[in-house]
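My questions will all concern the structure given below.
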Amino acid sequence: MADSEPANQKPAGRTALISVGRIWTIAASTFTQLVRMKTFYFLLAFAVLLVAAGNLNILFSAVEQLSMIKKVSFGTMDLFAWLFAIVATALLIPRDLEDRTLYTILSKPVLRIEYLLGKLIGVLVVILLSLVTMFVIFSALLHIRTIDFLHTEVAILEQAGRSQEMIQAEAEAIIAQGLRKEMWVALWAIFLKSAVVASVTIFLSTIASSSLFTIIISTIIFLVGHASQMMIDFWKDQFVDNIVVKMLAGLFRIIVPDYQIFSFYEGIILGEKVLPHLVWSMTGMSLFYVGVFLLLGLLVFFDKEF
Amino acid sequence: MSVPAVEVTNLTKVFPVSLRKEYVVAVDNLSFQVNAGEVYGLIGPNGSGKSTSMKVVLGLMAPTEGETRIFGVSSRDVRARNDIGFLPENPYFYKHLSGAETLKFYGKLCGMRGRDLKDRIGELLELVGLEHAKDRRLGGYSKGMLQRIGLAQALIQRPRLVILDEPTAGVDPVGSRQIRDLILKLKEDGISVFLCSHLLEQVQEVCDEVGIIFEGRMRREGKLEDLVSIGNQTSLVLENASSELVDKIERLIETEGDGAELVEKGNPRTTLERMFIRIASSEKQEKEEN
Amino acid sequence: MRAILEKYPRWIPIVAVILVFGLIRTPIEKSLRSQLIETHLLQPPPARTTLGALKQSSLMGMLGGLRSMVAVYLTLKAYEHFGVMEWDEVESTYDLITSLEPREEFHWVHRIWHRGINAVASVEVNDDLTPAERQRRFDLYSTQAIEIGEAALEQLPNSVKIREQMAEVYREKLRDYCGAAKMYGEMKDLPGAMQYSTRFYGYFLAKCPGNEQKAYDHLYGLYVETMSNLDRKGERGFVDHRAPTLIITLKELEEKLDIPISQRIPDPHPDEGLKRRNRPTGRLPGGVGIP
């Protein structure tokens, strides 16, 4: 692809290789853009929601109340992460095009893959930072509530003259609902899912003509991707001998991403153990997804005309 | 003979409309050159294919046929864009960035950083007269300011070629005067400029060479004076002339004209533009004096 | 590269990439999925793939990250129904909750407690019902509670709390002491079981006709174990099984089984008091055990 160029007119600086600096510049600008769009006010809302959930004054046991705080928090984090991944990614590229900012960027020595990657990374950095912030807020609250419950419950049990054994058991049950290292893995799982969702969305936004279309299609894929396994199982179960159905189910599985496996944080929140190699595998899987959908996006984008 | 800044050879660009049944030929077998160090103006009415040609030159679009080169490098090669600064028509930049941040962003995209970038930003802000607004977000910029920050952005990496799409569109006469002065300054610095406009008057003072494009085809091309002067006409402007004198002259033309014809007669008016500039600049002077 | 790509319509390479990617990832995803299910990080698909189950579970699957939030919401909803004693609504809500989060122990405990204790108790005192209807509902609700418990144990085979709650239904409502004994018997060997469960196993076994000898052997074994370890009293791990009920039950069994006087246990020392401790009432289960 290298064109012959006269020696005395050699263009300075730019080689045809991908430049990390350029990607980072675009990512940083995407980050500032999203931040200055006041996205972080969401975190305030999150904190309020958490405090509310943490102080539901109802007649549930300590263990249950703590578990509710965890579920509401992580549910909100997950919801935020994938919704933000879809909406922000879907809005950014069309907006650049509408404002003709894209022309000025692409008429600088910027590779189109650099642009796509920069946008994706910018969105993901915002998501990651938000998630970490939410997690810190959540941890503080959960920790306070755990200590709180521990004191009151133990006091109540002691006053009631329960055996030491029983008090011990209750205390352990409460502590088991408290903070665990594995929750970072849960957070990572949420982030992985949002990264996959964002890369699928970025591919869609290179073909789509409007943000709205991208958002709708990506959301549909998200929902179907969560139910796909069950739908396939059901078809196979209902039409055992039907070759056509079998093939269709196979095709369906090949085309539709299996988003559900990325929801494995839910088990972690319920207190299940995590095997490190599974986390690595899921991380690898996510990277694979991101890579492939970036490649797909690039296939559309690299000679797209504006 | 040095390599031309822009070289467009047999460029044709066809757009499909309504699902591959109909086509729009936006640019039709267009060829021209922008010589290094020159200012070239592509003039044509709306929809004549000016922006399309520029986008192909910039590599934002692929040609249907033909090819374009920048300093000898194909437009499709990213490296060609090291040498170009581009200002699109009615540009908008990231509203959330300030003027200085915008320039920093584009500078970094061109691989600049540190002192060099900082100095360059200061230089350019001064050049386009936006120092006072450098920390304001672009969301609050007027159209003329946007145009000027756009120009600064195009110049950030000291390109050898600047491509300007309607640089004076939507800008008031004072602003477009400034922009034209800037273009002349670029030319002094040896930078090649490729611009387009649908208003001949707006660019005539700055262009060395002009191409007139209509419906995607080059209609006329050449040095500006050659294109605009009408060789067989003479104009005569009189001051304090009595109506008798004018009548006399008219009669003289009729009787002894030898085929000559009076084409136009009337009171010449100072152009609105000239008046506007005069008022604005005198006001500015007053302000500066106070 | 570009030249090749430009030759063909763009959808061809795109579809090709999607297909190849799909072919590569499906087997990997399949194995990841089964590993995640095995480690309980992911909820397995429903066993019966009826249309109804599918609708429900795919809806839940679609919820994505909302699943646990919906569970929280439904828990609050069930609590509301509980407040106004709408027992069937409580049960159907908990049915949903437990299918959303089948491995959350306290959901199951609540469900059994609501069905087997609360609903049954309110039937018992409902004067609007005919005695026959009262009996019918009593039987229905309490057996349902036991069925729920069995479903729960399928999900959480090592749960102490579920067994405890089932034992309460057997004990307090069904008065099925054999059932209660079975629960305590299973409980006593599980990690996290309270010390009393092994004694309770003996107490209820004693009340389960035909098992008196077994009960005696078990309780006597506990007694002997305690006596032989008396020198370790106060140390960690020492369990004093000589609860008043144990002594009384053992004495009853000795009578019943005609144990020779020489082998009978001595009367309790007056200092090893038979006094009972106060026990608070009215607390919800789940957090705190019953006895």
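Quick notes on this structure:
In this document, chain identifiers A, B and C correspond to the written order of the chains, with residue numbering beginning at 1 in each.
What we mean here is this: a contact is a pair of C-beta atoms (placed from the backbone, for glycine too) under 8 Å apart; a residue touches a chain by one contact, two chains touch by 3 or more.
Predicted model only: the values in this text are computed from it and were never measured.
Every chain gets a centre from its CA atoms, and the centre nearest the mean of all protein CA atoms is that of A.
Chain centre most remote from that of subunit A: B (centre = mean of CA atoms). If you tally contacting C-beta pairs for each pair of chains, A-C comes out on top.
With centres set at the average Cα position, the gap from subunit A to subunit B is 47 Å.
As a whole-number value, the distance joining the C-alpha centres of subunit B and subunit C reads 81 Å. Mean C-alpha positions place subunit A and subunit C at a centre distance of 35 Å. In subunit B, the residues touching two or more other chains are 76.
Touching two or more other chains at once are residues 1, 303 of subunit A. Shared interface positions of subunit C, defined as residues touching 2 or more other chains, are 2. Interface residues of subunit A facing subunit C in the complex, by the touch rule stated above, are 1, 56, 58-64, 67-68, 71-72, 74-79, 81-82, 153, 156-157, 160-162, 165-166, 169-170, 173, 190, 193, 222-224, 226-227, 229-231, 233-234, 237-238, 253-255, 258-261, 263-264, 266-270, 272-275, 278, 281-282, 285, 288-289, 292, 295-296, 299-300, 302-303. Looking at the complex, you find that subunit A touches subunit B at residues 1-3, 5-6, 9, 11-16, 19, 21-22, 25-26, 29, 32-33, 36-37, 99-101, 103-111, 303, 305-306. Subunit C contributes residues 1-2, 5-6, 10, 13-14, 17-19, 21-23, 25-26, 28-29, 32-33, 35-36, 39-43, 45-46, 49, 51, 54, 57-59, 61-69, 71-72, 75-76, 79, 101, 103-104, 106, 192, 194-195, 277-280, 284, 286-289 to its touches with subunit A in the complex.
Those residues of subunit B lying in contact with subunit A across their complex are 3, 55, 58-62, 69, 71-74, 76-94, 96-97, 101, 105-106, 108-111, 113, 150, 153-154, 157, 163.
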